[in-house]
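Down below are the structures I want you to see.
Below are two complexes that have chain A in common, paired first with chain B and then with chain C.
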Partner chain A sequence: MIGEIIINAFLVTLMLTIAIFIINTRKVISTILLTGTYSLVAALMFVSLDAVDVAFTEASVGAGISTILFLAALSYLPKEEKEEKFNVKHIYAICTCIIVAGLLIWASYDLPLVGQLENPVHQNLAQDFIEGSRNHIGIPNVVTSILASYRGYDTFGETVVIYTAGIAVLVLLYDGVSKTSKIHKENNK
Partner chain B sequence: MDNLILKVCTKVLFTPIILFGLYVQFHGDFGPGGGFQAGVIVAAAFILYAMVFSVEDCKVIMPPKLNFFLLALGAFLYGFVGIIGLILGDPYLSYDVLGTTKEAGQHIGILLVEFGVGLTVCNVMISLFYSFANFNFGKKNND
Partner chain C sequence: MIDQIFGVWNYWIVFILMMIGLYIVISKKSLLKKIVGLAIFQTSVFLLYITFGKIAGGTAPILTDNLNEIYSNPLPHVLILTAIVVGVATTALGLALTVRINKAYGTINEDEISASDLVEYHEKYLEDKK
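After this line comes the complex of A and B, so read on.
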């Protein structure tokens, strides 16, 4: 129990430190790399919450691919962020942040404690899913049986969303033959 | 990039990364993993290859046409598995009728569906990288 608290406190402190560094840094490349590190610590956080599948996804998508895609997009961006002087807009932003954070913290007092058996999440369908996963589907990983079988429609929707997003980016950015190969051909002529 | 160590390491690592992706894909029923993660891992192998060698070299092993075909095939496979169930007289996306027993049907259905997810995710990631990279090089050469 104590060990878990120490690990969680360490991870939260680490995430907070990284977040402060992200705010402070002005170089775009350090922001990207720090965001990747943040995702990696978030993945560790999910492991400590026993959500291994989510942690796996966070580590591969959040820390891996999205960092690479940001780096690939880096060359369109200016190398450094412009320093902006403190003005009225910032006061509005600070007020909004404080109000929203206050509301969220206030709302969090109504949440049940994590990992308690009598929580509403564990009362309704969870029991059926866990039993059905063993008896009806015969798969040890309950996450997979919920993802692919019980909630097959949702996953289909997710797949189609990813497909559509990919197609949209291709329509916007992909221009058939790459310009390098065109230039190569012209040079060869 | 012209670094011998990077090139050799990439060539050595390329196959194990894809193998690990396939392990995550097909072991998703028994441990953590599944289509989304596996797709990203396999895509990472191709992106690594494209970064260390060049995008043109990567297009030789994964041609854009094949990439787009597989991208669409993944989503199609998912929907098609649902339709097979529909034809055999079950609700859409219920896999009970796909096998000889209900359990076998569920196994086959989940395996196919996850494979569809993996295909789509992997090829979307690769095509995203292709389009970003293409855009880049064009810009640099125009300068």
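After this line comes the complex of A and C, so read on.
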């Protein structure tokens, strides 16, 4: 128990430090790399909370692919942010964030304590899924059997979302005339 | 007492990380930084869900031969797996929009974008007056 608390406190401190550094850096490349590190530390946090499948998805997709996407976008964008003076708008933003954080922390006393077996989340479906995965589907990894079988339609919907996003990115970045059609026109002249 | 504090500690951290993300989205002028802020907010929401699924003394939901084993709740894990992948799709879309805006305006700073919009509007207004 004590070991868990120490690991948890270490990872949490690391995440908070990285997040605060992200606020202050002006070089875009270090912002992007810090975001990748933040995702990796989050993945470690998921391992310590027993979510191994989420952890390796976060490490490969959150820290890997999205860092690559950011770096690819950076090659078209300015490499450094404009310097900003501290003004009234920042104070408004800080006040809003502190008030919202205070309200959320107040509300957290009504949430069930972390890690109790009698929490409402654990009462209904989860046990059925674990039993069903053993008896009906026969895959030892419960997350896989829920993802591909019990919640198969969700996963299908996710694929549709990614397809739509891919099309939208292509439409946004398409600049009217493709290279092949230019060459084709020049040859016809 | 320690149990009480540790029981809500994870929630507080999640809320503070969430607010750091929100602060970046509200106050930073660079559009790329705003997308980074959204990513931080997203990760903290993932952490909140995974925290709900944790059972103290349980193991990862991979079945073992021991029938009395306690497993952490696999359902939030599945939801968050879907959310992570959808999150990358939204990040990609946001970055494509940023690149497109940079092409059209030559900057990704919010203030400069609205300033150049204003200049364009004024020029159009003066032309219409003639």
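The working rule: the second predicted complex is superposed on the first by the 173 of 189 C-alpha atoms of A that agree within 3 Å, B and C clash if a C-alpha of one lies under 4 Å from a C-alpha of the other, contacts with A are read in each partner's own complex, and residues count from 1 in each chain.
The rule is simple: a residue touches a chain if its C-beta (ideal position, glycine included) is under 8 Å from a C-beta of that chain, and two chains touch if they have at least 3 such contacts.
This structure is a prediction, so every number in the text was calculated from the model and none was measured.
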**Message:** A:53 in the overlay: touching chain B, chain C, both, or neither? Say first, second, both or neither.
**Reply:** both
**Request:** Answer with first, second, both or neither: which of chain B and chain C does A:125 touch in the superposed model?
**Result:** second
**Partner chain(s) touched by A:65 [first = chain B, second = chain C, both, neither]** = both
**Request:** Applying the touch criterion given at the start, work out whether A:115 contacts chain B, chain C, both or neither, answering first, second, both or neither.
**Result:** second
**Asked** Looking at the overlay, does A:149 come into contact with chain B only (first), chain C only (second), both, or neither?
**Response** first
**Request:** Examine A:168 and indicate which partner it touches, taking first as chain B and second as chain C; both and neither are also allowed.
**Result:** second
**Prompt:** Of the two partner chains, chain B (first) and chain C (second), which one does A:78 touch, if any: first, second, both, or neither?
**Reply:** second
**Request:** Would you check which partner chain A:136 touches, where first means chain B only, second means chain C only, and both and neither mean what they say?
**Result:** first
**Asked** chain A residues in contact: does chain B have more, or chain C?
**Response** C
**Request:** Tell me which partner A:33 touches in the superposition: chain B (first), chain C (second), both or neither.
**Result:** neither
**Request:** Mind sorting out which residues of chain A both chain B and chain C touch, each in its own complex?
**Result:** 52-53, 57, 61, 65, 69, 72-73, 76, 140-141, 143, 147, 155, 158, 162, 165-166, 169, 172-173, 175
**Message:** Per the contact definition, I'd like the list of chain C residues that touch chain A in the complex.
**Reply:** 3-4, 6-13, 15-24, 26-30, 32-33, 36, 39-40, 43, 46-47, 50-64, 70-78, 80-82, 84-93, 95-100, 102-103, 107-109, 112
**Request:** Would you mind writing out the residues of chain A in touch with chain B in their complex?
**Result:** 52-53, 55-57, 60-61, 64-65, 68-69, 72-73, 75-76, 136-141, 143-145, 147-149, 152-153, 155-156, 158-160, 162-163, 165-167, 169-170, 172-175, 178-181, 183
**In the complex, chain A residues that touch chain C** = 1, 5, 8, 12, 15-16, 19-20, 22-23, 28, 31-32, 35, 38-39, 42, 45-46, 49-54, 57-58, 61-62, 65-66, 69-70, 72-74, 76-78, 81-82, 84, 89-90, 93-94, 96-98, 100-101, 104-105, 108-109, 111, 113-117, 119, 121-122, 125-126, 129-130, 133-134, 140-143, 146-147, 151, 154-155, 158, 161-162, 164-166, 168-169, 172-173, 175
**Message:** Which residues of chain B touch chain A once you look at their complex with the stated criterion?
**Reply:** 24, 28-34, 36-37, 40-41, 43-44, 47, 51, 55-56, 59, 64, 68, 71-72, 74-75, 78-79, 82, 93-95, 102-103, 106-107, 109-110, 113-114, 116-117, 120-121, 123-125, 127-142
